[in-house]
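In the two complexes that follow, chain A is the common piece, with chain B as its partner first and chain C second.
Up next, the complex of A and B:
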């Protein structure tokens, strides 16, 4: 109780609330604009967070994150193109509702669902994270290695549908993460070390510039191709009945609960992000609403259910994704990788220690996140009238803006060490080109991102585990936790094959 | 080609925007538009990191420019040191140097102290060999005995091979004929987690790293010549008291603040003043006392002389441990 009061003290100030509000607005706008993802938003605000008190900075970043995830639904509903992949499953019913002249209801329901999903995941985070943190002492190098491997396998197998391509991209990401110098001997690890060892490349590819390049720059390049395409017309908004009736919501309780649960669970798994959770939630909602006598409107027909299911799931991912971040220091996706970076910069080390000795900060982060969710909801409602205007921003203005923000964001991360900052801008541009090429070639980008994020963790923990076991590789088969993870990995890799081969029947039509 | 009016305007605008970002001249150091990076060459949460952050917090009140801590761990502090050496010598990048820098440099992991100038010598944190509280060995001698039963099996962890705990662990291991499996972790924070998790039997910790988990640990020996000033560790014997008076190992980690060689004097002077004021603050003095950190404050030439003396004293130890690279 004392900790809770201390936590409140950390977060309850006008300054903090203003930062949360600003982060929320920024997140919604960035989320709504095509080409600017949640990760970009969080990465752009990261340098700002360095100069705020820890709890304020983290709450502000979480506000951007939650806002961007929720904001993506706006263009999904109004235009049928999601602001970022988080809202991809909202299109089916959202767009239909807009065409039926119920865009206001769709937007309002989406905002409400985001709030419900977000709060649900926050409650799970608050109740489970302290318990999990106590269990983290069970997670040694062997288990952390396994967790990173599981995350990579998961993402490689579900993004893009082709396991081999996904794995290739994950491996490429790990390769990029290994560039730099050896973590034990400091020996240069790069092509032509005699030339590059004395350049900023000795520290490898830094995460933030790489993420900005892969998400921001590459999207701007993709957008360039459709510069001349006419922008779709934004339908007129009628602002009556923003929310479904209370009775309706009550009938929908299972849809909302299960979607939020799915989102939270998927968020907790490293690798699987909101873009996967939304489809799972939508599928589940379809099953629920197509049950006779459910009293629900079937998804696919422009139903509130079809909007609220994915929208509660994607915001539930945000709270779920914070679980591994705060307990194990393992980010579940790119956006939380940046949040984790912000925590580390402030000297906050995730894990048991944090929950044992710094509970006020943990509470402050939780409370900050609750404020962020409320702000997100409020600004989405207040902003309803403005959204059509945001969506009318022409690509010819948006593309240079994205590129400019990408470079400024990259430069700002490393202060004014000019060589380093210039190198980082180079990294962002190079990764932008690589990302563009990958998208054009039809390979999935997300496994590459995760490989880059988890690569160093894989390496460090692998080497430490083998060193502790005095060179014995069998150590990886002696941990029950890791064996469980390996079984899961095998299942993920071979289940689709077995299904295809007809060995397992009837799983899916 | 003559630049058009638009081009000229653009150029002027660019220069205006770029001007505040130019490396500052010494006379107006520090430029408050710029951020001063404090590079901690270890992972966050370890002894060095925890001892430095409160100082930086105080320094914020004595410098107009903003300060930002960056933890760049790896290769026993060599990667963070190299990061500093890749930046301009303008006083806007500081390195938390010390015994880890000496160790990493002597092992040939980085150019290290050859390229550094000391701004301030700060303090010492004593090393303690500790195991989990429920382990059967109650003295350092018993730990060594257990290790010798199956040589090379029992893990003796350190906070990174380049650092002083790394050298201490190698020196101990040599003295007992490779009885231990010496394992480097990425900073004291990670070492602590894996000793707490039972994956590494024993560790060489900074005294302050044990304070937050007193009940979980069983300290076996303190590596300094004198016993701890802290009530919690008053009973922990020194190596000599434990019967190992011929064991020559680094007794603790020393921390200093350094900049790249060639940094303008004006910047170093201003930094030394700010660090001095922060160091003398009640908050930091109290912090050091609570953590049992031993103060050895000096600045500039005096700090450099202190550091050079340490380097000279370290060389035989590092050579003895077989880690010295010319």
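Up next, the complex of A and C:
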């Protein structure tokens, strides 16, 4: 009880509430603008969070995240173009509703579904995270090494089915993370020491400039190609009946519950992300609404059910994705990878230690997330008349702003050390170019980020585990937990191949 | 959406990363093996093993991908296939060049001038790319617009500094301690700047007939000042003053 009160004290201030509101508005706007992703929004606000108290900063980032995921439904409904892939399944019914003159109802239902999905996943996060965190008490260096390996494998394998490319990107991220100095002796580990020794780069690549470069700068450069993309006309909004009736919502309880459950579960799986959850939820909603006597409107015909199912799922992903972040230090998706980066930079170590020794911060994050969801719902409704105007903001003005914010934001993180901050701007720019090349060549970016985040954890725990085992490499095959993880890794890597080869079905296709 | 990637990048990226991995292996082998302090028995596997293993994985996977690309395999590109989406290599190169110039000039010119220059230059390039109506960057009108934007930004910065100084004066001479609080100062400066920009907007209407040029100036200066208020006045980040040393 004392911890809850302390958590409330951390989060209940005018300043925090204002930052949550600002983050939520920014998230909705970024989510609504096609081409600007939730991850980019979180990365751009990372330097701002750095200047705020930890709880306020994390709550603000979560507000951006939840807002951007929900905001993506706006162009999906009004234009038939999702703000980002999280709303791709909303198009089918959302656009039809808009064409039928029910855009207001579609937008209101989407906002309500986002709130329901978000709150559901928050309840799961609050109930499940402490238990999982307690389980990590069993984790020593061997298991932590396995955890880092599992996270990297999961992300690499789910990256659009490109396992080899995902593994390569994860390896690239780890190699970049290992530059700087040896973790146990501090001996330099940087090529061309005669050049780098005189610069702040001798410590290696810092996480914030890398994240901002990979998600902010690279996205701005990619969007340059969309400058001439045609902009569809925004339909007129009819703002009566923003929500379905209570009776209808009652009939939809199963659609909402199952969609939220799917979103939360998928969110917990590192690398899966909302774009997978929305299709699973939509498919499930289709099955439920096509059942005779269900009393529900069939999806695909411009039904509220077809909007609320994917929208509750994509916002449920936000809470689900925070479970592995807070308990294991492994992000569920790209946006939570940036949130994890923010936590680590503030000195917060996820896992049991966080839940044992910093429970007020954990409660503050939970409460902050609840506020963020309510703010997201409120601003989506308040801003409903403004959405058509937001969608008219041209990319030609936004791209320069994103670049400026990326570079100045990077500088601001180390603003008191001017030389280091200037070098960091160069790092952000260089990482932006690398991210651009990776995206354009069709390689996944998220494994690279996870490699950057988990690289040090992988090396530290591997070496510590072997040393504690007196040099015995077999120690990795003696831990039941790690063996379970290794079996899971093997399953993840080889199951799709075995399925493709028809071995599991007993016959070749 | 799956579509063929232009061969140079599909091949160039894995080849570059393959070479990077080879270089990393050579670099790791050139380092002394460092063991944990106090590990006299030599149980620590040392500082080489993880970087070497990971670099080997990168080398093998990238060689595989390069060979696949060489044999004409296709890859998926994130942003392909959408109507109106077309490569803009020149625009991209100019954006990168201006961003590099921004990083280099950030300290000597200062935040206000460098940011205005970056925003004005990038927005002009984009507008020109979209409409083909605005003249070349080096054109007289473009340069005149840039000069107006820089002068305008300097004037607004001076107004901001004046407002802050007035706050300190009020606190010192009249005991209004609130006037020296950073948040209060940021609010006062934001209000003063918004008012000044509204008035300047009217003046720009008479000075510049083309609404797109006016928008270009207002956006580049307005965004610069907004970032200044947030980072310098709210978060107290030491943004370099550069030429504007007052």
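Criterion: the second predicted complex is superposed on the first by the 399 of 509 C-alpha atoms of A that agree within 3 Å, B and C clash if a C-alpha of one lies under 4 Å from a C-alpha of the other, contacts with A are read in each partner's own complex, and residues count from 1 in each chain.
Keep in mind that, in the parts below, a residue touches a chain if its C-beta (ideal position, glycine included) is under 8 Å from a C-beta of that chain, and two chains touch if they have at least 3 such contacts.
Since we're looking at a predicted model, the values are computed, not measured.
By the touch criterion defined above, A:51 reaches both chain B and chain C. Touch counts on chain A: comparing chain C and chain B, the chain ahead is C. In the overlay built on the shared chain, the residue A:357 is in contact with chain B alone; chain C does not reach it.
In the superposed model, A:481 lies in contact with neither chain B nor chain C. Once the two complexes are laid over each other on the shared chain, residue contacts for A:185 go to chain B and to chain C alike. In the overlay built on the shared chain, the residue A:422 is in contact with chain C alone; chain B does not reach it. When the two complexes are overlaid on their common chain A, residue A:393 makes contact with neither chain B nor chain C.
In the superposition on chain A, A:123 makes contact with neither chain B nor chain C.
By the touch criterion defined above, A:407 reaches chain C but does not reach chain B.
Once the two complexes are laid over each other on the shared chain, residue contacts for A:466 go to chain C alone; chain B is not touched.
Overlap of the chain B and chain C contact sets on chain A: residues 51, 182, 184-185, 415-416, 418, 467-468, 470.
Those residues of chain A that touch chain B in the shared complex are 50-51, 136-141, 181-186, 198-200, 202-203, 344-345, 347-349, 351-353, 356-357, 415-420, 460, 464, 467-468, 470.
Of all residues in chain A, those touching chain C in their complex are 48, 51, 160, 164-165, 167-168, 171-172, 174-175, 178, 182, 184-185, 187, 189, 191, 217, 220-222, 224-230, 394-397, 399-401, 403-405, 407-409, 411-412, 415-416, 418, 422, 425-426, 429, 433, 437-443, 458-459, 462-463, 466-471, 473. Chain contact summary for the complex, chain C toward chain A: residues 5, 9-10, 12-14, 17, 20-21, 23-24, 27, 31-32, 34-37, 39, 41-47, 49-51, 54-55, 57-58, 61-62, 64-65, 75-79, 82-88, 91-92, 95-96, 99-100, 102-103, 106-107, 111, 115, 118-119, 122-123, 126-127, 129-130, 215, 219-220, 223-224, 227, 230-231, 234-235, 237-240.
Looking at the complex, you find that chain B touches chain A at residues 21, 23, 34-35, 37, 43-45, 49-50, 53, 66, 68-72, 74-76, 78-79, 82-83, 86-88, 92-93, 104, 109-110, 152-153, 155, 161, 181, 183-186, 189, 192-194, 196-197, 199-200, 212.
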